[in-house]
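Below: one structure in structure tokens.
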Amino acid sequence: MNNQPRPSFKSPRFAQPATFMRLPHTDDLAGVDVAIVGVPYDGGTSYRPGARLGPREVRHQSSLIRTYNSFQKVAPFDRLNVADAGDVDPPPVSIEKAYDAIDARIGQIADAGARPIVVGGDHSITLPVLRALARRHGRLGLVQFDAHIDTWDEYFGGKYFHGTMFRRAIEEDLVDGRRFVQVGIRGPMYGEDDFDFHREHGITVIDIDQVKDRGVAWTID
Amino acid sequence: MNNQPRPSFKSPRFAQPATFMRLPHTDDLAGVDVAIVGVPYDGGTSYRPGARLGPREVRHQSSLIRTYNSFQKVAPFDRLNVADAGDVDPPPVSIEKAYDAIDARIGQIADAGARPIVVGGDHSITLPVLRALARRHGRLGLVQFDAHIDTWDEYFGGKYFHGTMFRRAIEEDLVDGRRFVQVGIRGPMYGEDDFDFHREHGITVIDIDQVKDRGVAWTID
Amino acid sequence: MNNQPRPSFKSPRFAQPATFMRLPHTDDLAGVDVAIVGVPYDGGTSYRPGARLGPREVRHQSSLIRTYNSFQKVAPFDRLNVADAGDVDPPPVSIEKAYDAIDARIGQIADAGARPIVVGGDHSITLPVLRALARRHGRLGLVQFDAHIDTWDEYFGGKYFHGTMFRRAIEEDLVDGRRFVQVGIRGPMYGEDDFDFHREHGITVIDIDQVKDRGVAWTID
Amino acid sequence: MNNQPRPSFKSPRFAQPATFMRLPHTDDLAGVDVAIVGVPYDGGTSYRPGARLGPREVRHQSSLIRTYNSFQKVAPFDRLNVADAGDVDPPPVSIEKAYDAIDARIGQIADAGARPIVVGGDHSITLPVLRALARRHGRLGLVQFDAHIDTWDEYFGGKYFHGTMFRRAIEEDLVDGRRFVQVGIRGPMYGEDDFDFHREHGITVIDIDQVKDRGVAWTID
Amino acid sequence: MNNQPRPSFKSPRFAQPATFMRLPHTDDLAGVDVAIVGVPYDGGTSYRPGARLGPREVRHQSSLIRTYNSFQKVAPFDRLNVADAGDVDPPPVSIEKAYDAIDARIGQIADAGARPIVVGGDHSITLPVLRALARRHGRLGLVQFDAHIDTWDEYFGGKYFHGTMFRRAIEEDLVDGRRFVQVGIRGPMYGEDDFDFHREHGITVIDIDQVKDRGVAWTID
Amino acid sequence: MNNQPRPSFKSPRFAQPATFMRLPHTDDLAGVDVAIVGVPYDGGTSYRPGARLGPREVRHQSSLIRTYNSFQKVAPFDRLNVADAGDVDPPPVSIEKAYDAIDARIGQIADAGARPIVVGGDHSITLPVLRALARRHGRLGLVQFDAHIDTWDEYFGGKYFHGTMFRRAIEEDLVDGRRFVQVGIRGPMYGEDDFDFHREHGITVIDIDQVKDRGVAWTID
């Protein structure tokens, strides 16, 4: 890996092949604390596709990065060695093969001792990420920030798409329902029984009205 | 009418000719409680036209609908028979003929026992809707959510455009000024005398600062 | 079916739920000569997705239709009964299930005695259309207008995507290579051996330079 | 009028309020040979509106102008005094009032001795331009470059819209059919009888195939 | 100057060459209280350029203006004579020459007794505006509403760009640091030493959290 | 350098940080025959800026590359070792410093034995490329494909912008006018004397009409 673990400011923002937050791009994760990895997959989308182009666009927009948070007085890249680990290569025409590719690459990153930050891609990619991490760390706790609960059962006969992955994660014993909190849930549902699965597994929902009424501090508690 | 009065989920969201909220499209209003009808007319616009394409775009975007509100625990399509009643066919080059077409079609819907929900189109289409309803129900009360008061008198010599229809509605005795509330008024006006008509007819204005300061509950009262 | 088999001009172009060329939308194909059917599927795409929204957009844009070709002095809708047969409902997350849905619906149309005109969707949908028709009519001849040959073997381990369907069609004995002509082929390839399959199966290629040099009349011959 | 009758190059192209081809903007037409005038009206449109914003956009894009044609070795602004005469002010909600405003302004320009070049707006504005000019010069000859014949009779009961103005121009005796040539006609029609009016009035059509086959020189003859 | 100092409503909003808020465009500032002047310059931009087209677009969008603020009961154009003074002509390829052109034009406006309101352009243009005003009025106080502090020292060896102008303004003694308040500062910085310059010169920062927590009234105090 | 000198097809087209034609990105030019280098500079633009984002966008769009030209039966990447050499880092706010950075980097590439292919950026960047190459190879011949002659003298007092670089190239003795051919010149000019410089220096112009009339083969001769 490059000796320069911080975002590079020697080039203008718009110059050079874009990486996440202008960080060095590397396949060698030795000494890397945090690996930002793209998952350009949108085959689990039920309406408008295109999220496969998400990692590319996030690389571009994040070239606006600066490195110091003056409110919290913290400079993350001084404390942690962060790198752009490139993208997973998910075959776009098969969700099962895409899941295998994601699972394998997240596993490599975890085995190298780095924490992955994953840039999608549609929501369905969360399941293979949880698979890779649960296999190494055991059943996980999970905090999900989302409008939708994404615990439906299936979609036109398919078990895997961007609205089912958290049901699968509970069924596959990857996530502990009692340590699973969904924050910000809002918008229309299909019916009251959409929440049966939550009651059965002890999943906590903090909907958007609660967040607004009680504030961010209460939500964090 | 189709025996399936609820939005259809047998097709993916992006499939089939788009209807309002994936509801059945029908010309037969027997048994329909609520008829959603498009009014693709923008000939009353004083600046940027294009709202004639509004009903088509609303049909597309509303294919994202789900049917249950988990905050209010209500599933409107279980309680009411709702349909897409198609569009009025307003001739785009004459506001008077467009008004007649709108008035006639809204009247048909009301006579069939359905309540119309109208998707425009520019604001000027409100006048023929009020004409059709007032002819059947007598002078109406009205709650208007808007940035603009839309009670000006005329525009380049024309009595009908998207800024005059509520003055016309009072003058034509369609709306009772004392039961007419305008909520959310904001932005620049032409002068203090813009409100003379309100004072004369007892129209209530709750401007946006009042809504923000006193809250939604007070506004509803 | 509606008694009015021609495009409807009683509404302005921008009004009413959009259908292909403003034709009547019907599920009942009795007496229909030509059924225009949408296949909103793009799960076989190797680069930019979005063609699943193609049938909707074609419905919109085709509202500009007029019905008489003054060069050829022909009014197709006077000679043939043409209808918008709606869309196939292909599940977006599985190409195999999508293929089955397409095959079944094209078969229904053919069995009803109508000729299908298919509006995609990505190119991969051609295979199940050919399957449905070859099962009924035997091995088919085919004229393909395209930039790409789309006879590659596989893509990241998948046999089905938008670059392999004509190889599959030959392998599945749906198309007779000696009666298969590809017109307009252009742009870069991967290597000279891309054409081995053509030589083996007697497929004819008329590339874009030949079309330009020799003219349209020669190409038709 | 400004003493500088040529486009101004003292400012960068993107600076200063935009005028047609960076020409001086003036209401005083004394000594002006050619007056470029905008007609921001689109109330005669049968499908997508927005042409009312045309003159503004043409002013912007034409700031790319340079003044010498090296092929024809001519510098038009050296030979003729050309000015941006501003826009007509057509009320957007009434085609009859818009026609009157256009007719009056084109008449003023003609009376001042300038030749008008009109930037629309939709095609319907041609009729009042022809009215103003025919009143002064008698029955006119006309060469029309267009895809459509625009000699239909009416549209949803209206005599004036962007597909009828050349029929009106013949009926109102503004244009001599025998000196009226339509060049470039193409695209679908409604029927062979669309040309009855042409035969009756001796209008010449040179369709796009003729232009392509016989060349520009033949067309000019 | 034109005798009509108020925005003109005799034309529809979309008609006539666009000026700031539909005000008269004049080069003659006699009797003008407030001159709105465009500075179409973006050569000081470190990321996405295009602000040189800002004055043109602001002219367009501001044609939506109405003239009376009903909340504050004030009609500014009745109290003050306001005009569109056109644009400065900054050469786009040299920031030093652009600065000279801006300084000169703002000076002319000030000398004519008008107060300039400047529409950019990128932030770097603030420096020559301050130069012109400080030369006439002495060291200035300044209230800056911004996300960024813009007091960095240099950028790839250049002293002038859109992140350094307030440091230059202090160094050139144009602004009194103790009467310089920055309101709304937010977003990431490069390090805590970004604020050393503020401490040295007594610049006050009210960051966005303070504005939100304490309210607008406190901020104004 | 990477051992894989050909475009990489192991990832889907939309995956991984984008490089020119999916080639390996390297700073080490040993053994590289052709170095594709971006020059993200648009400070020489006289109208609409944004070309500084050109190299990024070309990297994205060129991920559609395939490697074999079946018309010419050539696979360039089999014959030549081609790499993405990254971008020059031109400071955006000074054309002189940008020119120095471009000159230096093109010189490095030439000294490493690679031929540079330069992706801009605006046209003004051609001058420092010619400087770097002429210093090494002596006075150059040049074939320019362009609409504009770009041999004007200055622009608002500046010698360097995107319309003057070929005059500078002749004046600095970088290019031999008698071996300088401009192909495709079209569009308006400022006057006949725009070509005086061509006559003086023996520059050949083949305008677009000649290319169309005589064909591509004659033009190559």
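The first chain written gets the first letter, and so on, giving A, B, C, D, E and F; residue counts start at 1 in each chain.
Here is the rule we use: a residue touches a chain if its C-beta (ideal position, glycine included) is under 8 Å from a C-beta of that chain, and two chains touch if they have at least 3 such contacts.
Keep in mind that what you see is a predicted model, and the values were worked out from it rather than measured.
*Asks:* Give me the set of chains touching chain B intersected with the set touching chain F.
*Replies:* For chain B paired with chain F, the chains in contact with each are A, C, D, E, in label order.
*Asks:* On a CA-centroid basis, which chain has its centre farthest from chain D's?
*Replies:* A
*Asks:* Of the pairs B-D, A-B or E-F, which has an interface that repeats that of C-D (more than half of the contact pairs shared)?
*Replies:* Comparing residue numbers across B-D, A-B or E-F, the repeat of C-D turns out to be A-B.
*Asks:* More contacting C-beta pairs: A-E or A-F?
*Replies:* Output for the comparison: A-F.
*Asks:* Just how far, in Å, is the C-alpha centre of chain F from the one of chain D?
*Replies:* 41
*Asks:* Need the CA-centroid distance for the pair chain A / chain D, whole Å please.
*Replies:* A distance of 57 Å separates the two centres.
*Asks:* Scan chain E for residues touching two or more other chains and write them down.
*Replies:* Within chain E, the residues that touch at least two other chains are 12, 14, 46, 48, 52-53, 89, 91-92, 156.
*Asks:* Strictly by the criterion at the top, what is the full list of touching chain pairs?
*Replies:* A-B, A-C, A-E, A-F, B-C, B-D, B-E, C-D, C-F, D-E, D-F, E-F
*Asks:* So in the complex, the part of chain C that touches chain B is made up of which residues?
*Replies:* Counting only chain C, the residues touching chain B are 10-12, 14-19, 25, 38, 40, 52-53, 55-56, 59-60, 84, 86-92.
*Asks:* What part of chain E is in contact with chain B in the complex they form?
*Replies:* So the residues of chain E in touch with chain B come to 12-14, 63-71, 73, 75.
*Asks:* Which residues, counting only chain C, touch chain A once they are in their complex?
*Replies:* Residues 42-46, 48-50, 52-53, 89, 91-95, 97, 155-158, 160-161.
*Asks:* Residue numbers of chain F touching chain D in their complex, please.
*Replies:* For this pair, the touching residues of chain F are 46-48, 156, 185, 187-192, 194-195, 207, 209.
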